[in-house]
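Here come two complexes built around subunit A, the first alongside subunit B, the second alongside subunit C.
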Partner chain A sequence: MNLMVVAFKDLKRVFRSPFALVMMFGAPLLIAGLLYFAFGGMMSGGGSFNLPTTRVAIANLDQPNPSEGTFKAGEMLIKFLKNEDLADMLKITMVPDEISAHSMVDQQQADVALIIPANFTQAAVAPEQTASVLLYQDPTLTIGPGIVKDLVNHFMDGFSGAKIAVKISESAIQKSDKQADPGLSEKTAKQYADYLGNSSHAEALHIVSPSGEAAQTESRSAMIGPIMAGMLVLFVFFMGANGAQSIIREQEDGTLARLFTTPASALTILGGKFVGVFIALIIQTVILLAASALIFHISWGKPLSVFLATLSLVIAATGFGVMLMSFIKSTSQTGPILGGVMTLTGMLGGLFSNGIPNIPEIMDKIALTMPQGWAMLAWKLSLAGNGAGTIILPILVLTILGILFFGIGLTLFRKRFI
Partner chain B sequence: MIQKAIQVQNLQKCFGEFVAVKGVGFDVQQGEIFSLLGPNGAGKSTTISMLSCLLAPSGGEANVMGHSIVREAQAVKASIGIVPQDIALYGDLSARENLNFWGRMYGLRGGILAKRVDEVLEIIGLTDRQKDRLDKFSGGMKRRVNIGAALMHKPAVIIMDEPTVGIDPQSRRHILDNIKELNSQGMSVLYTTHYMEEAQELSDHIAIMDQGKVIACGTHDELVKMVGELDRINVTINVEAEKVLADWQMTEGVQKVFAEDGHLTVLAEDSNLVLPHLFESATRAKVRITSVDIQEPNLESVFLHLTGKALRD
Partner chain C sequence: MRILYLAYKDLLQILQDWKSALFLLVMPLLFTLFFGFIFGGTLDSESDVDPRLPIGVVNRDDGNLAISLEKLLEDSEVIRPIILNDEQAAQADQMLDDGDLAAVVIIPNGYTTKLLADEPVLLDVIINQSQPAGQTVSRALETVTGRLLGAVEAAHISIENGSADSSSLQVGITEAISAWQEPALTVIIQKATGESQKNQQTNSSGGFAQASAGMMVQFSIFGLITSAMVLVLERKSRTLQRLLSSPMQKAEVIAGHILAMFLVIFAQQLILVLLGQFGFGVDYFRQPLAILLMITVLALWAASLGLLISAISRKEDQVITLSLISMFVFAAMGGAWFPLEIAGKAFATIGHLMPTAWAMDGFQNILMRGLGFESVLMPAAILFGYGLAFFGLAIWRFRFE
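And now, the complex of A and B:
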């Protein structure tokens, strides 16, 4: 059967072409792989990431009044910052005065200088007094000083809350004509300090990352799946057009005219070339699906859904490629048209915006004006584990579009050659 | 028994207003080599494109092995092998793979195909290079594979469109010897060329084409007789030809003189008798003759005689 003779000859040539092999398999896997390692690297190590340690120079100028007993708010703050839970984040250095603290920051020996004022303890226990902790930071840094500031604020908020609570309690006691305990403020502040010192506050909130290899893999798969699907659709459409381009190339090389001198009909010859493109795209899709499942652990979905999505993708890509090439007169035009049209329709079809959060809803609607958008929808639904019943709409749309495109392309090619 | 391999009657081809082939007619007998000789643009390639069913004629009729090119295109295609002017092969396939493919397109399969590929590789002398990709071959070797592809199905008629253009003398010699060998095995050959020597060496019959028409047709000897037994004297002088043209045309024994710039071509009955008069005339006109070349009557003379211009034009 001459149709298959032509088809297999084209297949042999495609799989011998380094360019075709790179575009069929290398480029989609490489691009998806780069994205995989870029995002996957951030997710490695149990779901956490490391911040650089912030160097903090502390000048504790706090001078508690001996009448306030053993309570020293400044030391409490230092103890809080030296908590072993924060040891990876903060490196504390004690300095005798404010000038030394500033000097360490200026000489880049510290990232932040923390100056605890002399009335810090008094302000912590006396309802009417206030005190300001001074933060002096390296202006080129943002995250480390921000963390120190938040920790100090957190500590200070506790004292403020305690003072409010004491004030309300004293007011309530006075209204009931009873005598308030004169050491109430100090006791409350101490209790709060003990509370901080025990670090039991941290137990109120648990942040849990997916644990175990399976859960981590599932998370990566969910992220890389749509990205790989975008690359799959992009490069299958590209190769569809590139394959159909061989008709133009054969015309220029004179082999098409020679084929027309054989007893095979022109329709058989053109049909053979289209079948060659179709089979090449099937092979490309199957290999990309299998390779990405193996390398990136992507679960493409239920077998029937994957089969239908593959078939409709290849029909649409073949039809689109044949139609696109039927408008082209010479191979000198194919480069810009192939690159331009595939990039533009791919962008509109949403192939490059997979994995980007908060894409406007209108973009999803625009994507469905392109065959690539429908192909992407079919693969997203399949990746989500949907059955054939759910993805039937994009499958049907893709198939109908593919047949329509193929009809237009074939009509134009027949006019040219037959 | 079909007597004529190809029969062409009043064949015409128009491309819009332009008439490329103007009522061409000739017959190719079975087992002969028939050449279409003419300059570029004479209509040779258009004629063979119609004979190989690539172009539909605008008028007239032609039969190949008894099949009409208009009504029985498939049968015509099955009985001919085409060697296009340009290399029409796949450079990324080996010589063997190319021959395999073209054999399959003519319905050969399995052992028969493999055997025929071996035979053709032997004919074109590339058995030892059969596994090499074609794009590693020299131009001459590619042309040999180009011919080989047309031989795969053992066609009754082989149509060759200037198969020796742009190749080295060794490959050219190989191809011409191949054609003679194929012809000796009974294959009819329609050969187009603008090389007079090739047509002269190969052909049983020659049709000379110019501007879409066959202007002369016959055997080599028949064509040469059209210009009589005239010698052709090519003379180069150091000034414009007009200075001696009128005098030379009046010289006894001179039949015709064609002039262009400083070159003159003189058709004369006997160059030995005419040449002294031409030298005397040049001396009188104070013109210096810088070169003289005398040729026996040939196809070039015929073309010049019929069209007033050289074949290479």
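And now, the complex of A and C:
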């Protein structure tokens, strides 16, 4: 019996176990798929942003003075929000008063209530008047109310800007010796309105995606890549430890003792088991990389970077798994220790927080105290298209850690069995 | 009485296994702490952390309007400008990839000159618009640039109308930019606080309220591993068949087992509520009866799911696999990991059909929306309905041998 025979036997056992297959391939792809569906689905086929429609209850309390003629700023705001271009984003319901608007949000019949104050029109035109529109929102929501706020602000900036233009003109007249024109305010406001009508704020920006003029699928890939990398690292480390527990299981079943009676040395048997884990993890990683590239269109990076990141991940995960199992005495301990340690180290290693914005900076530092954090760093650098020279540090750290863990595990197993 | 004996036996079996404590309590606590900490930094308005989205600004212009633009960006309620030096600017792409920045704005050389001369000039913005943060930053930048261009236009108009001469252009722009600090029309945000506002109580902090409720829902399913395992092991060792030779009816056997599952999950939820209240400052006690109703129906539904898993599993591995898959699907799609609002339309619509989404709704009505007891009646009724449906499925599939 040689080393590869032992390894092949363990491999067969792993790939015949439905549980192992689910944990190797099903779970990481399922979780990444769910997140891809959740967030990747926000970009519709046409490239427009596809968030859930925000339900807005509007109470228009605006009471324009008769002196302001037909100009009604409140009604203009409502007309703007009811614009058919916004129909997919906003569902508007008119209510008679503020209490009804609040009530609709409290009863979850609306996401946002918009209360247009009584002096809205006056504040839009009169020099020193100000007004505030109240946006009463469901506290569990952030994006929908944010969109409504942006739209309302965008609309109101037109009036505020016109008033500022009038103020600047009047201020300039006051500073000069010129005679004030009685129609200056009206004329300036009209000029500013014409300017707004002929310009678009969006035209002041030249927006490109982080990867340059990337196609939509590349944007999705940029989003799902780190999430899938997190799942890859988590479940490869999990399977590293799960594979290494075959030593404990065989010891309990009594088959390990029988193996030691064969001509194969104990070192060959243990070595075969570790090689089995190593090969299983290589297969798992390669299949996950290929499947995610096909399903989610993830571009994992340059071939050499991907190769090095894969190799160092598998070395670290095998070493970590062997070391972890070397501390365990029976299979009844393996489940909880495996679940507990992998969850904790994965959490601290930053595997569950990919894609979450504004994470406290300390989390990045904590992540690098865990092998999973270094593995994640290697994959992030590879996903960003970096060459081997850039990702060499995390690769080296992972490899050294893997060898160190493996050495500790092997020493403890040898003490126990040899 | 025999039902109680059987449930008691199951409870002893479950609680004597130290793994139960890990799956039922330790892991949900760790996850709550972790996600609460992460989301607390971004969602909690009481936090010292600046919640605005960080954007890098690379200023390649030496004119006044570039400085004015930086000032307007600093005044934004949505974005927080970080001025990048040459060395940092070279790493801007990496900072975007790492999530350290939500966008990078590059003010090109000659920006001021071209704007003043009324020539077309664009700000280069590197941003991922496929993400909500990218869309938010994009809209905030449109507002800021709109105000800057408006200020320039206001100054131009004053000259055009003869109110000022061309040498006063910069003075007009400076005044207009200052005026934008207090625009005539503004938006005030008020978060709905329902009953809690009337009672002068504050709502729970956003980060932990989402994480605590979410992890309670998620781990009510994960905790089924040990509970459902008991039934599968009994079937495997033919204990279930032997039970039928006793005076116990089939219905009593099933009732005893599901009662044990219910009690385990109910106790788990109760402990997690107490830890959430005293450990994480989540105000479950604001409406104790409503919370009690929610954890009761959640435990009923989870126990029915546990019975279904044990009914269709033949081996221990299958229990673990089915419990994990159920947890991933129900927790992610039901909004236990992240609010469904931030997901796409199709995902949010399907997600709202999940029983876990109704459980989250019930908890959030109390914890975040500050509503009263009546607000959980609908979520509780729907969750109870799901419990009955899952129970029916479990009974249909249940085999004693």
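By our rule, the second predicted complex is superposed on the first by the 247 of 418 C-alpha atoms of A that agree within 3 Å, B and C clash if a C-alpha of one lies under 4 Å from a C-alpha of the other, contacts with A are read in each partner's own complex, and residues count from 1 in each chain.
Keep this in mind: a contact is a pair of C-beta atoms (placed from the backbone, for glycine too) under 8 Å apart; a residue touches a chain by one contact, two chains touch by 3 or more.
Note that this is a predicted model, so its numbers are computed, not measured.
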- [ ] Could you say whether A:2 touches subunit B, subunit C, both of them, or neither, answering first, second, both or neither?
- [x] first
TODO: Check the residue A:13 against both partner chains and state whether it touches subunit B (first), subunit C (second), both, or neither.
DONE: first
Open item on the list: Looking at A:35, would you say it contacts subunit B, subunit C, both, or neither? Reply first, second, both or neither.
Closed with: second
TODO: Considering only touches as defined above, state whether A:380 meets subunit B (first), subunit C (second), both or neither.
DONE: second
TODO: State whether A:393 touches subunit B only (first), subunit C only (second), both chains, or neither.
DONE: neither
Task: subunit A: partner with more touched residues, subunit B or subunit C - done: C
Open item on the list: Going by the contact rule set out at the top, does A:99 touch subunit B (first), subunit C (second), both, or neither?
Closed with: neither
Open item on the list: Once chain A of both complexes is superposed, is A:261 in touch with subunit B (first), subunit C (second), both, or neither?
Closed with: first
- [ ] Examine A:286 and indicate which partner it touches, taking first as subunit B and second as subunit C; both and neither are also allowed.
- [x] neither
Open item on the list: For A:87, using the defined touch cut-off, is the partner it touches subunit B, subunit C, both, or neither? Pick first, second, both or neither.
Closed with: neither
- [ ] For subunit A, give the residues common to its interface with subunit B and its interface with subunit C.
- [x] 17
Open item on the list: So in the complex, the part of subunit C that touches subunit A is made up of which residues?
Closed with: 18-19, 22-23, 26-27, 30-31, 34-35, 37-39, 41-43, 49, 51, 53-54, 78, 93-94, 96-99, 102, 122-133, 135-136, 138-143, 145-147, 149-151, 153-155, 157-158, 160-164, 168, 172, 175-176, 179-180, 182-194, 203, 206, 317-318, 320-321, 324-325, 328-329, 332-333, 338-349, 351, 364, 368-371
Open item on the list: For the complex, give me every residue of subunit A touching subunit C.
Closed with: 17-19, 22, 26-27, 30-31, 34-35, 37-43, 49-53, 102, 105-106, 108, 120, 123-124, 129-147, 149-150, 152-154, 156-157, 159-161, 163-165, 167-173, 175-176, 178, 181, 184, 187-188, 191-192, 195-196, 199, 201-210, 216, 219-220, 222-223, 332, 335-336, 339-340, 343-344, 347, 352-353, 355-360, 363-364, 380, 383-384
Task: subunit A contact footprint on subunit B (complex, rising order) - done: 52-54, 74, 77-78, 80, 82, 84, 86-90, 92-93, 97, 101-102, 104-107, 149
Open item on the list: Residue numbers of subunit A touching subunit B in their complex, please.
Closed with: 2, 5-6, 9, 12-13, 16-17, 253-255, 257-265
